[in-house]
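Take this structure, written in structure tokens, and hold onto it; I'll ask about it next.
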Amino acid sequence: MKASIYREEHFNSAHRLHNPKWSDKKNKTVFGKCNNPNFHGHNYKLLLKLTGNIDENTGYVYDAKKLSKLIKSAIINKLDHKNLNLDVVEFKHLNPTAENIACVIWNILRKEINEKYQLKITLYETERNFVEYPST
Amino acid sequence: MKASIYREEHFNSAHRLHNPKWSDKKNKTVFGKCNNPNFHGHNYKLLLKLTGNIDENTGYVYDAKKLSKLIKSAIINKLDHKNLNLDVVEFKHLNPTAENIACVIWNILRKEINEKYQLKITLYETERNFVEYPST
Amino acid sequence: MKASIYREEHFNSAHRLHNPKWSDKKNKTVFGKCNNPNFHGHNYKLLLKLTGNIDENTGYVYDAKKLSKLIKSAIINKLDHKNLNLDVVEFKHLNPTAENIACVIWNILRKEINEKYQLKITLYETERNFVEYPST
Amino acid sequence: MKASIYREEHFNSAHRLHNPKWSDKKNKTVFGKCNNPNFHGHNYKLLLKLTGNIDENTGYVYDAKKLSKLIKSAIINKLDHKNLNLDVVEFKHLNPTAENIACVIWNILRKEINEKYQLKITLYETERNFVEYPST
Amino acid sequence: MKASIYREEHFNSAHRLHNPKWSDKKNKTVFGKCNNPNFHGHNYKLLLKLTGNIDENTGYVYDAKKLSKLIKSAIINKLDHKNLNLDVVEFKHLNPTAENIACVIWNILRKEINEKYQLKITLYETERNFVEYPST
Amino acid sequence: MKASIYREEHFNSAHRLHNPKWSDKKNKTVFGKCNNPNFHGHNYKLLLKLTGNIDENTGYVYDAKKLSKLIKSAIINKLDHKNLNLDVVEFKHLNPTAENIACVIWNILRKEINEKYQLKITLYETERNFVEYPST
């Protein structure tokens, strides 16, 4: 009786795509307007998928309210209304692409949630660009 | 030449989360405002995924209009504008969480659709809370 | 320098459409499955439009965070995860149609918000059925 | 034979809410996390409403492709992937709230589009917070 | 006690923008790829806004189920899965732009619905292009 | 460090479902109003999922801007504002169902994108009907 539950949360952040090992010219060529030195920003939509057995007493895989609180305390408080490059330690030496943000979020939540549950992150940078980590 | 088709339908129902083996206090603690004795309700969005071979004569995996009719006759008529706890026999002794509703729907549709097709249910209780059964 | 701001909030409630002055048969004829005696329910989406001058010091017509808190304390706490017919005093003698719910919400908020601001409510019962009060 | 046409465009920007006449403490109290010195950001959704007569030869009020090009050249190029506070001259001395951004956009487009058409801007900062300028 | 109710319906049609008084070259210049001689198509989303008094006995401005049936019998049956240019008499000598389709729909519904109700049509050709008739 | 990225694009086309080996009567029975001889149309929404390793230098699985350009040049230019049956060679002898359109798109993109990336297509014919190819 395995099922998956999904919980959606949101955060609004500034970021800049940049590789410090590269010249300004190469950064501009590769990242285009995403390399703007003064940053730009997004409304990120985060979807956490959690897979496990349906508990017979509750009928839940996991309490959605608890999951929402956990995502808010571990992720949203850390990333919302922040500059990902300047305010978030994980991106001090890591380019804050959607792919890397999804990895960082997965690694944080993985430590907070019992190993018996499988986890997957979908992160929407815009309605038309989004990523999944890990891949299926 | 396997593909999956999806069909979305909707139903609007009242429900209450409650475990009759537990005290009122424990029910309140676990289910919070979802335990309100007078019920609350949702616009449920149901997505049926059906996987099979693309038929050479029709170009269909399955006729979407037939699938819609089948979901309406087997599921929507049963659950729409109903009180899941009081009006639907499957939830007489089963807590109508999104997880359990998705299981009930899958079990009903599984009997109505040829075994050569794989089925999966996604059930949205709200835009931000949804479940998948069975899990992948 | 007049502008309008909108804030969206949500509540999930059970209700039943019924006119106690009418026979059961007439209620069934007029309200159809919305008259189910055991109730059904919806995810209501509430949009508050507030019109006023843009304040020169803040650049706000009204602080959206304050507006959200106000809607939550005055409306969402009252209606969310409730049975509108049984749990909400305003609907003791008033049929909880989308039109009437929108009026009730407008009347409550009108008392909480300074008269210099114009207010309008849009209430979505489903994605495809919604109402506006007052009309323009 | 008057009708209105709407065209939706998008831009992704960083910003910070701040009033330089106020102390840091007052800014923090009024603007909360929107005052973060390192900025945060949004996916802004812009809706332009243009009202006029339906042309008998084209059946258009205004060519939607031309309108899209105009919004892109006059607005999107100016605001997309920018820091509104640092990169956009109009916000050098104006707080980039949604209300003020909508005004700035309206003023720019008003000069580009023949006076016989009425214009209105709807600007979404998030799905749940948006503004309209001018107000109706 | 005036309120407005909205009902959303859908139709999927082929069309071509073309002015028979113009040369092929001028048609191509003005309408671009929308002038493709073999047609293209859209999922049209239709929103009917109806304004009137809230009835004291029902709590309705107008029964949404009746409104849906009326739109389906008068509009959807006429336009859905049709070629607007070839199959719909109203567009025999009228270019099927979104503006003109909205007018045609309004004129048909105006005859079907009591004059005491005000009507407005919003017609979405795509998510990003839509029109309102009559204009406010 | 495998992840998946998704890119959404759109095209608006006319089509007709028809099997030339069948009688008109059988075509009408099987395909219903989708068999209309003068065609109908849709706003198709295309989602490309691409799975691969996250590049250490860019933080990308694949540059979303490049992916968007590739989809536009290989797919959107070919299908947008076209009649799939009459204007697109791949459907000269293939019924343009959503399933078959998804296959055709996958086969074209498979040749354009390095084999080290896995690809999947989701194609929405309407919000409520969509297909995935290949199936998982």
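Brief remarks on what is shown
Labels for the chains are A, B, C, D, E and F, by order of writing; each one numbers its residues from 1.
One rule holds in what follows: a contact is a pair of C-beta atoms (placed from the backbone, for glycine too) under 8 Å apart; a residue touches a chain by one contact, two chains touch by 3 or more.
Note that the structure is predicted; figures quoted are calculated from it, not measured.
Relative to chain D, the most remote chain by averaged C-alpha coordinates is B. Residue contact pairs shared with E-F exceed half only for one pair among A-F, A-B or B-C, and that pair is B-C. Separating the CA-averaged centres of chain C and chain E is a span of 29 Å. Mean C-alpha position of chain A lies 41 Å from that of chain E.
Across the assembly, chain F contributes residues 127, 136 that each touch 2 or more other chains. Taken as a graph of touching chains, this assembly has some other topology, since it is neither a line, a ring, a star nor fully connected. Within the complex formed with chain E, the residues of chain C that make contact are 17, 19, 21-22, 30-32, 94-100, 102-103, 127-136.
Against chain D, the residues of chain C that register as touching in their complex are 1-9, 49, 51, 54, 57-61, 63-65, 136. Residues of chain E touching chain F in their complex: 10, 12-15, 33-34, 36, 38-43, 80-83, 86-87, 126-127.
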